[in-house]
Each structure stands twice: as structure tokens, then as C-alpha cells.
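Okay, so chain A shows up in both of these, paired with chain B first and chain C after.
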Partner chain A sequence: MALSRDAYVALRDVVGHEFISDDPVILDSYSFYFLSELITALGHGGEKKFIPRPAAVLLPENTVQVQEIVRVCNRKGLRFHAFSTGVVCEGGEDRIQIDLRRMNRIVDIDAKNKIAVIEPYVSNARLFHAAIKKGLRAHVHAAGANTSPLASATSVGGEGPDNPSAGYSSRNVLGVEWVLPTGELLQLGALGAGAGWFCGDGPGPSLRGMMRGVFGAFGGLGVFTRVAVKLYPWHGPAVFKGHGLPPTYDGELPANMRCFFAGFPTSDQMYDAVNAVWEEGIAHTFNRMPRSFLCYAMSDSNEAAWELWQSGLLDRELTNGISLILAGHSPAELDYKEKVLHEILRRTGGRLAETLQQEPRLALGVLRTSILSDHVFRGVSRPSGGILEGYYLNESVDVSRLSHDASYAHTKTYTDQGICIDNGETNWGTFSDIAYLSEQIPHFDPRDEKSVQGMLDLLATSYQKQFETRSGAGLFANIGALMNDTFGPMLSNVHVWKKKIKKAFDPNTACDPMGYAFPED
Partner chain B sequence: MNPAVIPHDDLTDIVGRDRVFDDPNLLRRLARDESFATPTTPRCVVQPATPEQVQELVRWANRTATPLVPVSSGAPHFRGDTVPGEGGAVIVDLSTMNAVLRVDRRNRVAMIEPGVTYGELLPALRREGLAPYMPLLPRRTKSVVGSMLEREPITMGRHQWDIQDPLLCIEVIFGNGELFRTGSAAGPGTIEEQRQAGGAQMRGMGPGQTDLQRIVQGAQGTMGIVTWATMKCRLLPTVTEAFLVASESPEPLLALGHELFRIMLGDDVFVLNAHNLAAILTDDAESLRRLRAALPAWILYFAVDGTGVLPEERIAYQVEQWQDLAQRLGLRPVKNLPAGVRADHVARSLTAPSTDPYWKLRLSGGCEDVFFLTTLDRAAAMVRLFHERAERAGYPTRDLGTYVQPTVQGTSCHCELNLPYDPGDGAAAGAVRTLVEEASVALANAGAFFSRPYGRCADFAYRRDAVSTMALKKLKAIFDPQHVMNPGKLCF
Partner chain C sequence: MALEDFEADMMRCSRCSDCKFAPASQLDEDWPEICPSIARYGFHSYSAGGRFVAGLSFLTKRVGYSPELLDVLYKCQLCGACDVACKKDRELEPLEMMTEFRAHCVRDGQTIPAHAKLIESLRQNDNMMQRPRAGRGDWARGLGVRTLAEGNVEVAYHAGCRLSFDSAQWNIARSAIEVLQRAGLTVGIAGDNELCCGGRAYEMGYREPLAHYADQHRKTLAAAGVKTLVTSCAHCYHAFKILYHKIGKPLGVDVVHVTEYVDRLMAAGRLELTTEVPMEVTYHDPCHLGRLAEPWIPWEGEEKKVMNQLVLRDPPKEFRRGTHGVYRAPRQVLERIPGLRLTEMARIEGYSWCCGAGGGVREAYPDFAAWTARQRLDEAAGTGADALVTACPWCIRSLEDSTRQTGATIDVYDVIELVHKAL
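Showing the complex of A and B:
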């Protein structure tokens, strides 16, 4: 249903007629998002792959316009959901979407202090290529080169293969510019004091604690319009040269980076090695990579992936496998790290994958998937068009080690029914400075209702199993209004605090609560 | 402490008769600290022994509208945060909750109660081949949990990925009496059940979409009382290679600091002026003065730890890069400075808390600190601004200590000015107080960020940021709706 005339006019006056639309043709393109089919299957409106059409979409140009839109929503009883490169969004009557794609500036790269200030629609790729010109790089989260580091830092998750050397997204946050659900502009930390972007905490208690935790509020606590993130050393060239067309472009591993593949006789030995690599702090990027995922990520088509799988090469060399890139400021640093790696392999019974080590294209593939996050999501999603996390383990290495076999056996009952693809061992993993993250990523078919429903069942039973075994909380058990009452009591009653926060900061529930919490009753 | 006559039946029911104290002399001592905070006599002191007792105390405070002032460190206190902001307050003394609950070598994590001091923690970690990330020579009585909750900077900024570090998870009793566990400790299951599943309470994020430990950090006890915390630890080095670089001005050293963090080199990195280096290496005022006079004006300390499977080689490549870097900037790393100051002596002193008297008190018996965050490229100007103000105010600037600590992997730095003074000299104390207040405002106007504002500093820190103040008050109303937790502090 269309907005009321006066609401439309009030919003149009903020952004101008070019940047608001309630045209159904346009709005249909705002009804499709990643995992829409699961959300509609859960009965939250919409049909199959499409959530309900929003009443209007707006494209603000700057923070002031965002504030004005939010104020109009509060006055007119509308509900808004802002997004940058986009995950789950909201539609329906009196619901508007704020598409932040016009706010796409790299505001500053302060090379001296290793800080980048960015707007919502800056992509990982743009920030990466801008930063490496100055010998630096930002963390690239695994959602892909084309996705928003601001969204990852403020609102969503944050893991990626470069976690070991570039941190988890939430731990890279410095200053933040945040339009609260009522329209006030909150500037976290030093920014609010007029001192700059270098710190987002204080004075006194840090409001970052309300902003996000392992995950963000998925648009449920307002709109983030700028964020400062930490930058890290980049040991490669100022321009990253490739040739060919993406995603199949080619190139060379920079001279001061080395790529390694190693396999282990048992998963226990592998996890010991993972812990040792973590402890030694040598990894630039790290992947505990299922063989099937390596096939997907390293190939340009399903046929090529199948061919690689069928060759048996990965079975021979990369069972219980890991891949990592070492990087160094000097050859001596790189030599040291390589020696440490060899020593770890010696102590844990691992061995380098001899054939794979000779494949420069595979090394480049690891580079482009691990450092640029290019092709990860696309490559890994390609076999069936749909992926999701089942077991989500985010703590010590041993939590994953002890769950390793059980999580695979659990998924196998679903793959045997044809609900999802049997990928063999399925736990992808990497580590940041404070946690080892392991995700079990089954492939389902989003076009097949049985597969979609089966996937939902797999999620529910996986989460139940995780809670029973105390190994942690499933990914979606941590996120969103619908999960709060079920899983909050098992997580120190966190849902109670979220509801109170939502009520205090969004008294009109003007900001879409689905990704975070409905206010306290 | 000797138990006194106890008229506090409710409190004795909660913690036992021998853990409630109201001796007038004790209360008079606790009415003030070493800062300029207005003295306020507490009603009594209680010493809970368990989280359950803490929770009962907070519930009791809500029922009776009694202010609680949580204190985990022993005296001397310096910042006014342990002095009651309102009359009738009960001091919650956590110093006897001092168990090292667990040291987990495999995951490099320790779980400790709030009363554990660095002196107690160090040997427990050492036995397992671990060491803590430490602030610069904390005083002997300083609580480790207190230090982390105050976001006290550590000397290894390279390893501080986030300003929260090295704090991981906490168990907290919020001001409304609810118990909450943060990070992966939140659940599912009890801590013991989590450990059986391989968990180590090491993911200091969450649960879910919250990081409520960040709201407790920096809160000066105004949000709740922490009953245990887990902390990130490092490998105990088998050997440490340390260097000193001298300069007559801070700029070249801070430029070197920038370059070190640009390539993430070294473990300990910080800059001191002559006064502070002398203060940490001597035991008394006279030796301090002598050494200070012999030292160069500014000194950068750099150290690499030999850890892991190839400790010597870890040191070797970094020392090679370090020397190249210093040479490129025209600086000369040395092992020894004049007057017998050796880098390895400094290294050794950093592995333990300060001996008594606390190093900041060695010159004059009293000391007032001004500290804030800025960036390395602005730190020298800030320090100079303060020195000029001090000079104009007639403060003897030779006594002024300065400490610049790169934080959060070099993206910011903690700047600290230490002003020793004779607490028995009223005029001198008054002058220091005026200087600190006026110069702090000037620093804030020049871009210094007072991220941890104590005492009157909080007034101007919050005046500068009305929206953050509003947001914090909303959170305070959620977590401590009756305002029983340390009222009168920060903006509450």
C-alpha cells in the first residue's frame, strides 16, 4: 500500500523527488534479499523469494538527510530500515527502506595513524585498493569484496580469512557517527568531544556496548552514517595487478607473501596445529578449509569444481586441511614465519600438500579469496545457490575440535535426505585474536521448498544440539527479535536488556525491530 | 581491619558480622583519597566473599536506597572514584575476593576475582608459562580487574587490538541486582559445563548483539559490580631484548613510534621523559633527582620478547628491522644510557608492580595525574601545551613526569602528565589543583580526548557531548534504575 500523501511529501521534501520512489516496479527490486526465501518460509509475509514490497524507498545523500527521514518517520508513524550493500530488510505497509548507496565516500585515509573513515556504501574492494596505495589495508569480511565494511563494523558480523592479522570487524571500530532511532546524531567517543575519529569509547562507559556485540543490530537501532576503522600493514604492492576478467582473473602472489596448504592425519592434530599457528601470531590469512569449499572457491564453474573434486588430489593432500598466507615486511620476517610453520607441522604431524604447493594459481586463489574476499561468497554459493550456517562455534579451538565429528554426523542425516549437498567435512574456520570461529555451511536449494523447509529444520536441530552440548549458540540464535525469547534465557537473559535498550532508544518503534528486538512490554 | 560494633543487621545477615566495618578511624580514612575529591564519610564498609553476597548487597541497596561504592584495589587511591559522592554510602570492599580461579595455558586465558593484584596474579601465570598484559608499573595494591575496567593502557600497544583489551568476559551484578555474564561466558550452560565442551570464556564479545562489558568498563562502578573477569594473557618470554633511544625532544621518538606501529614491530613500546624514567628506576627522591639530571630529556623504550617455538629467531628478525628503522630516522638505539641506566633493567622493572613507595609518589609524597587520548602525531603538541601551562603557573616543570603510550595498535595514544607535589603543603596542592583543572580544559579545547574522566574532569568532558551524555543516562536508567551504584560520578 502506498504511503499517505502527506507522509510522501514530507519525505520527498527531505531528499528531493529524484531520490524517493513508491513505484511498484522499483519497489519490487527492494523485495529480494539474501535468505528471503527462508524468511518468507518462516511466515513473516511475502512469498517465496520476495519479502513484502516496502511502501517507499529513499536514497539520502548525507547524514542530515538521514536524520530528517528518521524524524519524519517518528512523526508520521512510519517504520524505517536502512541498509548499505544489503542483508535482510523489511517491507510492507507504512514501512520504508533507506538505501544508503549515495553515501559512498571514503572520507579520509589517515595513513599516519592507520585510520580510515568511510560511508555506508564504500565496498571492501574500494577501501582495499585505496588503502594499499598507502601501504595499508582494512579488514575484509568474508561476505565479499562488493560488500560494505561499515555495515560489517557496525551492524552485522565480521569474520574473514584475514582475521588473524586484521581482526574481527567489531574490534576494528574507532569513531562512529550514528543516527539514533529518534533522529539525534550520536558521535561515539573522541568524535563526540570534537577530538577526531581515533577512539569510539567514552567518555566513561562505552556506548559501543549498546551498538553491537558478536553481531550488530541489523538495522534495528538506527542508521550508521560514518565509521572509522583501523588499518593494518599491507606488505604487497601499491597496486594489485591482475589480468583477465573477474572472477577468473589471474596474477601473481606478491614477493613478500607465501601461501601454504597442509593436511593432517586426524582432526585433533589439525586443531592442535591451528592453535599453535594462532599462538605464534604468524598468519596473515588463515582458512581451515573443507576440501569441497576449496574446489568451489578455486574453480570458475561447478563443472570445474567437480573435476577437481573427482581428481582425488584434495583427498590425498588436504584431508583435515588448512591453508594460510604468511606475509612479512622483510625477507627475514617471512623466513622466520615459515620456519615457525614448519616447526608446528613437525610437532603436530602435519604435512605440506606437495602437489598443491606447486600450483601458483591455487596460491593466487587463496590470495584473492582470503585477502580480497573476492569470489568467496560467489564461489561457495554457486553449487546450489543457497548457503547457511548450521553449527556456529565461536570460542576456543577446542569447542570446534570437540564438535567436529558430531556436527558433520548431524548434517549427514539431512544430506542423506537430499535436503542439502554432502560436502564431506564442512567446517570452515579461522581465528581472530580472541576467538576461533568455525561455521558449518550446508548448501541448500532455495528454489526447492523441501530443501528450504529442511534447511530450517536443520538450523533448529543444530541449535538445539549446540545448546544441549553447551558448545555455543547458533548464528541466528544470536540475532533478531524472533529468537530473543527462545534463546535469550540460555544466554544470560540478554534479550531482557535488548528489549529495554530498544524501548529507551526507540520509543516509537520507528526503526525496524526484526533484526534486533521488540521493545520491552 | 578489626570488626567494630555492628549496628547494620541487614548487612551482617548478608556477609556475616566479621565482614562489616564501621570503625570511625577507618571511615575517616575512606572519606578521602590522594585526589582533590571532596571528602565524604561512608556509612560503613562491607566485604562480600561471594557473587551471591554481592548480589544480595545490591538488592538490599535498591530496597533501602543506599549508595554503594565498589572498591577492588587497596589504598592509596588517586582518582576520587572510591570516595563516596553522596552521604550514607556503603563501601563494597572486594579485596578479599582475590582468588585466581583458573589459568588456562592452552587458550592463554586467566579467570580472576576482582581483588586479585598483579603481585598475586604474576606467579600464578608464570607457573603455567604465561604473563599478563600490564600497565606501566601499577602500584602494588592495584586490582587487575580494576585496572582492566578502568581501561588502563598496557605497555604492549601492538597487542591491544581493541581498547577493551586485555579484558575478555565478566560476571557482573548490575545496579538493579540482576546477574549477567558477558561474551561467550553468557551461555549456554554453567561455566563448568562450558569448559567440559572445550570453552574457555575467551570470546569477549556478545552475547549476541550486545557488548555490555563495554558499558561496565570505564563506568567507575556506576553500572554494577564485577565478581570475576577473564583476561587475555601472553606467553611468558624466555628472553627479552630491550633498547632505549634518547632524544632532546619528543617528536623524533613519536615519529619512530609511528613507524614501529606501521609495520607492527616489537612488543613493549612507549616514551617517557627523564623524570618518569628516573622515578621508575629509583627508590627515593634524592636518587631520583640525581638520575633525572643525568638522563636525556626523552627516552623511547622498545622491547621484543622471545616467545614461542623459535624465541631467538623471533627476536632476531625484529631487532634487525628495528635497527634499520631507527637508523633510517637518524636515531640510535642503545642498551645503556648515562648514569648506569640499562635497557634490561627497565625490562625487568616492567615485569612486576611498582615497589613501595609507588613510583609516582617517590619525589614528593603526592601526585596528581592528567591523562587523555590523542594520536601520536598530536601528542607532542599536547605535552608542550601542558608544559607551557605548568611553567606559566609556576610549577617546577623539571618535576613534571610525562608518559606517552601508543594504544590500540598505534591508532591512538595515552598521554599522561604526572605532577608530583607535597600533600602537606596546602599552597602547592592548591596550585596543582588549579593548574590541572585549567590545563585540562585547554587540552580538551586543543583536541585531547578525556575518555576516562575522573572527578571534575567529568564535568567538562560531558559538557562537550550532550548526545552521548543523554544516551549514557538512558543506559544508567536501565542498568541502575535506583541510582545506587556510586552516585555522583561521571554524568550520573
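Showing the complex of A and C:
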């Protein structure tokens, strides 16, 4: 849909002519996603590899401009969708795409109160490097070093390997500055009472449940322009940088950290160990580590990964594997945690991966992946170009235990047809204070039509299986308006509440409902 | 290669934004950006990832040629920072794709007026400065340098278009000659007969000049008996050493940048620096001497898959990831200057920020070039250094122009000028 001249002028007057475009060359870069076919299948329309172009893209500089854009959209009957550093573009021909790239300030790092206030385009890596200078760190979600902690805190997912010591994103969000779909500015938590950013739940209004629930509203409830997140102590060096040359920068594990890899004879024993590590509270970071992922993430090329895979080393040492970083505030604490780990392994039948333990580069790689979200795309995109989350559980360890073999068997019907990489076991996992997360992540090739179509089929069938076996809800089951009616009834009728919330917050349906819900009829 | 050969890369780009920011383990929170284009223009199209999408959109005929498409393609210095950062974790070829896209435009007659004018002048005068051929060798007056035409020249010095015609920079070329002479070398130059390398034209999408000049240089160097070709220009170095190999026309001589050569001479004990140069400096890696100077690695083969969809290349392909750029030599030379202290900026080596001049940006979009240079000057000033030192006359021109326009106070030098001071 072409934007009317007067709508274009009204929007241009908000951001200035340099920061608005309705040119197809610009718009198409907001219409591509390596699995656009999924977005199309979810009802957004589009054609091969492209979802529909938005009507215009805008680059606001501040909250006031965002409010003005939203008000113009309400006045002119336009829909908008905000987007920051993320991977998945949702586009849509009737939408105004708000790219928050220019809102990239670290507003404050309040070391005394352990709070960071950030804008949408501050990345995981940037916040990490800024925080450690003050002896602090933020939770780092696992979507990649360049993705947005603000988006993770307010709108999308939020798991990461540092969950055990820094919590899930929904647990870390404090004060929030939120431009509602009407253009009003809402300040959540202590911020709303003029008391600063320190608390998300009061003394001002607390709407965290409505704002994001577990998964987030995926841009369906307005635009988040600033957020405060909790910071945690960091006892490593104030500067944690690599040295040497690309593609792999060398470095050292901080003295207060140790990395361990362990394998188990059976997945049951591995889950016993997961439970024990969780209960003992010893993990700084934790990865239930599919050996293929280690293989990809820790090699400099696909050829090197293939060579490592063929060597059989990972089969020998990391079947049903886990990796974890232990950290101590003192050498004695670190020693204690290591003793606990050894005891857990002794009781559960696990064994340390002898060869892998001797590879300092592997340990450094795991640490960077876990606390910086570095090298994530080595593991997920380099092998074949694309990944998909099939089975997705945020449940108890026991539910994951039930799902483990089923998800692998399900995927195998597709690997047997050549649809995706035959990774063997593919469930990546970690745990937080709320649940154990398990994601089955098959790799596919976005260029290969058969591979793409097979993945869409895998997604649909795996969701169905998960509900039939009561072993979780696929990641996208709770995302997207078109999924609501199918899966809502199986998820405590959450869709009914989402529709009510949408209607209350967005009377004109100005904010793109596709990632969240259409308002109540 | 043709644009179509990059279709798989276009589809496999995952929008991870590695092309926009310094590698996570190296990132500085105050200077996170590495791509001037996306940093200046903001829309995703102005990143390597966005240009992959533009390529796919173009190939599938969703978009055709337009001023906006050319803007997206040409408001980019082709500095290669995106390429190194992308290949840290991926096996895509963003820089090659962007270069090929420009060539595709030129073949279809879709050119940038400022570039077309330059190329016309190049064809007439054999230089990228839009200046008559005569007087190209004036910079060397009084140095008593032998010319290649005289023959029996083992070491040739190539000044390049910028140094030859930018009289404010003649001191750099003259210093280079005098430093080499101090080491006891007899150096020859082409003087008025020197030709452009063709590298900048190639980056603008014009392929023929590079091949033409590769042939011309090869003939001239062979006739003079040259074994080693030394240059102070990072662009010429890149053309001679990398691009000529890429198009299958290697020069057949040892191509070295003057900082590499001086580093070798010092290591061999043939050049000693004794005069104190009490300065604190920071070093700017020229893109064409740093990450882009990695030797060309020819590869011809096809994609194959194992484990169903794991993508390999047959024969295995060694990707150019910026690992073997010339990073150490200029720093080692600086470290040997008595009294001089080297302080590093946040963005160095493989993820160094561009000076703004490359890829035809200086010629077509001078305001963008100046903006890019200003960012670098601010970063340099933040180190507390007295001077920014680099090793390319195009970088120096871009940075010096920006200091004049913006009132920045940091001085700009070429490495060889400081070596000369230290003799």
C-alpha cells in the first residue's frame, strides 16, 4: 500500500526528510528474512523470500518522535511496528516500520543500585563491555551479540546460558518507558511514581504481565523506548577483550572462572545432573550442549567443523553433554563449586570430557557465547544458512526428559528425507529460576526449496505433537495473531486475554497486531 | 564472478548485524560501529546485509535501476570492515558481492556522474586526479633518482596518483626515497611516465582500466629489470598485490608497502633510527593496507553438502577473513622510532574504521567522506595522542581535509615522515 502524500508529509515532519523512506530499495531490506516463508505462512502475505513491503520506514531519534509517529498513525489510520536490532523482520504492506536504530544510548549505569538504563538499539555486547568496567554485568539473552537487551526485556523471549546466575529477561526488567499504541507515554514501576528506575513493580503501576507475559508481545502493544535492567556482580577483569587477529581472537578465561564439559551415558542421567546443578546453585552459565553445536560454534569454518565431527571425538566425550562455567568471588568459593560439580558427576554417572577440558580455546569460546552471545551465528547460521525452533519447552526438567527422545525421533523423520542437517541430538537447553528451557534447533538451507518447505512442515507437526503429548508449546504457538485460535485453547485460553488487552491498549488497532493478537470482537 | 553467483549468500544472510558492529569480543562501547555507511545513513539497506537483500531484490526484479539503488550501492567505501566481521562467524562474501554489483551497474551503463567524469579523465591522462599527464614526476625534483627508463633498477618506487599530484604530500614520497637511499638502496621511479594502478576505478565498477594498467606495469617493470616494487600508497599496493592476482595478471615482482620494506630493512640492520621523536601517536590502519591487503586466494569449485545440508566447498575454500593483512609492519616501524609512544584507538586492524576516502566516496559524496573522517579524528583525539599516523596518502588527504573543515586539533602524519625525522 502506497503511503498518501499527506501521511508521508506528516511523518516526515516528525523525523526529518533524511530519516524517512518509502523507496522500494530501502523498504525491501525490511521485507526479507531468511525464512520469509514462515512469516508468509503465518498470514502476512508476500512472495518467495519476501514478505510485503512496509509502506514506509522511519528512524526516530527519541521518545517524543516515537510518540508523534504513533499519533500520526492513529490519526491517519495507519499501522506501525517497531523493530530494533533483531533478526526477524515482519514487514507488512499496510505498516509503518519504525527502525529504532538511532535510539542507541546507554543512558545510565547506576553502579550503586546495580541498574542499567538503555535505549532499544544498545546491544548485548555493548552493554556487557560498559557494565564490566564498573564491576557489573547484565543478563545476556542468547539471540546474538548484536541483539537488543531492551527488546528481550520488554518484548521477545529472553533466555541465555547465564540464566542460572542472572535470570531470564522477564525477571530483569525494572522501570520501563513505554509508548502505548495511542501515543501516550506510560512509565512502569517506580518510574511511574517519579521514584526512579529501580523497581518494575511499584510503587507505580506494574503491568509486566500484560507488557510481556512469558514470551512478549512481539511489538504488538506499542514501542518501548527506554528500560532499566538489573545488573549483577562481575568479578572478572574490567576489560575483557581478545587479542590477535580475525576470525578468532585469542584471550584468557578470567582467573575466577573455570569451564567444564561433561558427557553422560544416558539422557536420563544428564537430566539428573541438570537437576542437581540447578539445586546446588553452582552454575554461572549452563548449556545443555548438543555436540554438533559445539562443533560448529568452536570451529573457524564449516570444513573444520566437518573434520571435527568426523573425528568422533565429540561422540566419545560429549554425548548427552553439558558445559558450564563456574565462577567464584574468591578462589575458595570456586574450589568449593568445583568440588560440588565433581560430586554431582560422580553421583549421576557423568564424566568430564578429557580432551575437550584441555582446550583453553574451547573454554574461552563457551564463555564468550555464554556471557556475550558471541559466535551464536557460527552455530546457528554458518552450517547451512538457517535454523528453526521446533520443539520448545519452558517446563520442568521432567517434562524435558519426556520430550527429549520424542523431539529427536520427530526430527529424524525429516533428516532421513534430507530436509535438515543430521545433527543427532539437537536440544539446546539451560535453566532459570522459572523453568528449564529446551529448544530443538534443526539447521536448514534457506536457498533449498525442499529444505524450506520441509522445515515448515516440521514446525507444524512438532507443535501438534507437543500439544498431544503435553510436552510444551512451540515457540511460535504463543506468537502471532493467527496462532491464537489454534493454540490459545490449549494454553489456558491466553488468547482471550490477549484480545482483551489489545482492545484496551489499542482502540484503533494502530499497532501491528500480527505478532500478538487482534482485539476482542 | 557474476552477481547471480552470490544468490545463495543473499538468501543465507541472517541479518545478525555482524556487518555493522565490531566483533563482540573486541567491541568498545563508545565506538561500536564499523561500517560508515549504515552509521551515517541508518536504513538497513546501507549495510552489507541490506545490500544482500538489495541484490536479491534486484535479481528477482522486485527493483530495477534507480537513483536510490545507486545511492545504496555507492554510498559505501568498500572498506571491507563488514566482510571481516561477517566472516568471523559466517561463510558469505559481502564485499565481493558489493563489488560485483557495481560492475554490473557499469556494464549496464548505470554510472555515477562524478565517477564517469573521473574515468573519462583517467582514459585521457592515466591518473585519478583529473590532471594532465605532464608534471607527474615533479615531486622527485632534485632527489637525483634514477628512472625506470634507464633500466637496471632492482627496486622501483611507485608514488601513485595522489602523491604525485597532491603537492602538499610530496614530502611523503620524498621522505620515502631518502629513507630508502639512507639504507643504501638505488631506487628507480617512473617519473612522468608513471601510470595509475587502476584500483580505484575497479572499485567504482570499471573493470577494464585495471586489466589495462596491469599489462602496462608488467611490461615497464620487466623492461627495467625490477625485482621489488615499493609503494607508499595503500590503494596502489592493494591493486598491485591483490587485484592484479584476482584478475589473473600478477606483476611478477615482489610488491611491498614502504612500511613493510622499512620494517625489513630495520630487521636486517640496514636502517637505524637515532633521532628522538618525542610524540605520542595513534595509528590508523588504511583499509587497503590492513584487512584488504590479505593475499588473494584463488578458488574455483562448487558447493557440496554433507550431513544433508551442511554446506562445504569442493575443493575446500579458504576464505579471506582479514587475518593476513599488513597490521604489524607499520606498528613495528613506529615502535622503533626513539622517543615515540604508540597508543591504540578502539577500532584497529581487521575492524578499523575507514578514513572515508575509498570506493569512490570521496569523489561522489564528499560530505559523507568528511563525516567518516571526522569520526576517526574524534576517536583518535580520544586516545590523548598528539598525532594520528597512517600509511596511505588517500587517508591523509581525507583526514587532513576534515581537520581543516572541522577545526580538529590533532596532527596527521604518514609513518614514513616520522621515520625520516628519526634518521
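Assume the second predicted complex is superposed on the first by the 497 of 521 C-alpha atoms of A that agree within 3 Å, B and C clash if a C-alpha of one lies under 4 Å from a C-alpha of the other, contacts with A are read in each partner's own complex, and residues count from 1 in each chain.
FYI, a contact is a pair of C-beta atoms (placed from the backbone, for glycine too) under 8 Å apart; a residue touches a chain by one contact, two chains touch by 3 or more.
Everything numeric in this text was worked out from a predicted model, so none of it was measured.
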Clash-or-fit label for the pair chain B, chain C on chain A: fit
First, second, both or neither for A:508, with chain B first and chain C second: neither
First, second, both or neither for A:19, with chain B first and chain C second: second
Contacts of A:382 with chain B and chain C, given as first, second, both or neither: second
Chain B versus chain C as contact partner of A:182, first or second or both or neither: neither
Angle at chain A between chain B and chain C, C-alpha centres, nearest 10 degrees: 140
Which of chain B and chain C A:251 touches, first, second, both or neither: second
Lowest C-alpha to C-alpha distance for chain C against chain B (Å): 22
Doubly contacted residues of chain A, that is, touched by chain B and again by chain C: none
Contacting residues of chain B [partner chain A, same complex]: 106-108, 151, 161-164, 168, 178-182, 184, 186-189, 193-194, 196-200, 202-220, 222-223, 232, 235, 258, 261-265, 308-310, 313-314, 316-318, 320-321, 373-377, 408-412, 444, 447-453, 458, 461-462, 464-465, 467-468, 470-472, 474-475, 477-479, 490-491
Chain A residues within the chain C interface of the complex: 19, 21, 23-26, 28-34, 48-50, 57, 59, 85-89, 99, 101-102, 106, 123-127, 129-130, 144-147, 240-242, 245-249, 251, 301-303, 305-306, 309, 368, 372-378, 380-386, 415, 418-423, 443-448, 451
Residues on chain C engaged by chain A in the complex (per definition of touch): 7-8, 11-18, 20-21, 23-29, 32, 42-45, 49-50, 53-54, 56-57, 60, 62-63, 66, 68-69, 72, 84-85, 87-91, 291, 305-313, 316, 319, 321-323, 327, 349-351
Residue numbers on chain A that touch chain B, as the complex places them: 112-115, 135-136, 167-168, 170-171, 174, 180, 184-190, 192-196, 198-199, 201-218, 230, 232-233, 275-276, 279-281, 329-330, 332-333, 335-336, 339-340, 343-344, 347, 394-403, 432-435, 466-467, 469-473, 477-479, 488, 490-494, 496-498, 500-501, 504-505, 516
